[in-house]
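The structures considered in this document are given below.
In the two assemblies presented below, subunit A is common to both, partnered first by subunit B and then by subunit C.
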Partner chain A sequence: MAHPSQLGFQDAASPVMEELLHFHDHTLMIVFLISTLVLYIIVAMVTTKLTDKLILDSQVIEIIWTLLPAMILILIALPSLRILYLMDEINDPHLTIKAMGHQWYWSYEYTDYEDLGFDSYMIPTQDLAPGQFRLLETDHRMVVPLNSPTRILISADDVLHSWAVPSLGIKMDAVPGRLNQTAFITSRPGVFFGQCSEICGANHSFMPIVVEAVPLEHFENWSSMMLQDT
Partner chain B sequence: MSVNFEEKIKKYRTAPFDARFPNTNQTRNCYQNYLDYHRCNKVLSAKNQKTTPCEWYRRVYKSICPMAWVQKWDEQLQSGTFAGRI
Partner chain C sequence: MSLPKPVMRGLLAKRLKFHLPIAFGVAITTFAVTEPRKKAYANFYKNYDAVKEFKAMREAGIFESVRPAGK
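== the complex of A and B ==
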């Protein structure tokens, strides 16, 4: 989850997010190298007392500073396209969950076998137990089985919302009347937080998302328990 | 064929990938399967046959369609105001 004074991304909880993290590291390193080079050249140009009065052009350097950026761009584009197509691969999900956005809470539906549906409201700050996270905890979590390809279909009941969980690398708009599909696999057990990412009214900042990845038997126990409760 | 179909239904986990709807927008996938279920029911009942094959469409639309949409469409069907052609 997010930490105070955090600079980078949250730890990845899905293979796609891991790829995105590595790509970001790769691209940012290129950006830092270019920026350092340019800053050095600027400082060198500004602080020298020498002047070359006879320089008009240079074919060699023009070729270098055309080809080199082109190669760098290719070096960035290839991993980028690789991840893009990786994210677009046809997957065969084991489970389908629907996340419906409302003002101002999410509801989750697990209807592959029985009709399990429940609402997920944020826990108000005054009701938090010690150790719980302010504005992030919910009364019911979206529980998913570990290492299981999961399809999630996102829609909304009233206005635009957006379902986002940074550690899974997912953000998908919740549009009324439309069903948006995305898929993920949780590669490690844990609790992953996200927040609504499309302005949706007064309590837009207070409808968080919590995904809990557990082993399959725990998931089955949880869903039986939830079915009995509802 | 029916034995294979029963096996298929027993082994049903969730709606499989449907090549007719390969993209992010799955709205039509949900609606199409809902229509197909009711059309299948209507056609097979008219011929006095068992409606077991229609079960596949029911499982798929149950997996994919939000419960609120299904409820709304069921109510519309009952009241005769459903806009789709069944």
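== the complex of A and C ==
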């Protein structure tokens, strides 16, 4: 989850998010590099006593400041496209979950084998147990098996919502009448938090998402238990 | 006697030769961020025991789908 005064991304919990993190580092480094270089050149230009009377038609510098930005842009574009296509690879998911956005809660359906469905409401602040996170906890969590490619189909029942879990590198709009698909793999067990990311009314800030990644046998026990309860 | 002739040409090139390597040198130090971070992730997962971590998390009681062993 996010922590106070955080500046960067949350630690990655899926391979795609790791790639996005490294790409962000790479691109930000290029941006800092260019900014530092330009700032230094500005200072050097401003503090010189030399005056250049040859200010027309400097072929060399023109070539340099055309080619260098072109090369930098290619340096950014190649990893970017690589990740773009990597994110589109959905190779035979082991599980499909449907996430429906409502005003103002999410509902999850696991219909691969049985008909399991449940709602996930935020736990109000006054009902939190010690150690729970304010505005992030829900009464029912979306449990997924660890290290298993999982497909998630996202839609909405009323208005636009967006299903987002930063540490998994996922954000997908929930559009009424439309089914959006994305997939992920959790690299490590744990609990991962997200929040609705498309303004959807009064309680838009109060419909969080919690994903729990556990080993497969525990996931199976959980889903049997949930089926008995519902 | 006449004074020695002052340097009249190549003043900008001389300035650039001095300043440009410094500019690029300072800019290149930003490379020091990306490689350690990639290595940190690789090292984290190299000897990562998911089962052990899961058991520790389970005992800490953070999961809702799995209670601590014995409960």
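Just so we're on the same page, the second predicted complex is superposed on the first by the 226 of 230 C-alpha atoms of A that agree within 3 Å, B and C clash if a C-alpha of one lies under 4 Å from a C-alpha of the other, contacts with A are read in each partner's own complex, and residues count from 1 in each chain.
Everything that follows uses one rule, which is that a contact is a pair of C-beta atoms (placed from the backbone, for glycine too) under 8 Å apart; a residue touches a chain by one contact, two chains touch by 3 or more.
On a predicted model such as this, the values are computed, not experimentally measured, just so you know.
Colleague: Does the superposition put A:Met100 against subunit B (first), subunit C (second), both, or neither?
Modeller: First partner only, subunit B.
Colleague: Contact-wise, after the overlay, does A:Leu56 reach subunit B, subunit C, both or neither (first, second, both, neither)?
Modeller: neither
Colleague: Could you figure out whether subunit B or subunit C reaches more residues of subunit A?
Modeller: Comparing touch counts on subunit A for subunit B and subunit C gives C.
Colleague: Counting only touches as set out at the top, which of subunit B and subunit C does A:Gly177 meet: first, second, both, neither?
Modeller: first
Colleague: If you stack the two complexes on chain A, which partner ends up touching A:Gly117: first (subunit B), second (subunit C), both, or neither?
Modeller: A:Gly117 contacts subunit B only, not subunit C.
Colleague: Across the complex, what residues on subunit A touch subunit B?
Modeller: Counting only subunit A, the residues touching subunit B are 90-96, 98, 100, 109, 111-112, 115, 117, 151, 153, 155, 157, 172, 177-182.
Colleague: Any idea which subunit B residues touch subunit A in the complex?
Modeller: The touching residues are 12-17, 22, 24-27, 29-30, 59, 62-68.
Colleague: Report the residues of subunit A in contact with subunit C in the complex, numbered from low to high.
Modeller: Residue list for subunit A touching subunit C: 12, 18, 21-22, 25-26, 29, 32-34, 36-37, 40-41, 44, 48, 50, 52, 140-141, 143, 146-147, 187-191, 212, 214-215, 218-219, 221-222.
Colleague: Sort out for me which residues of subunit C touch subunit A in the complex.
Modeller: Per the touch definition, subunit C meets subunit A at residues 11-12, 15, 19, 22-24, 26-28, 30-31, 33-34, 37-38, 41, 45, 48, 50-51, 53-54, 57, 62-66.
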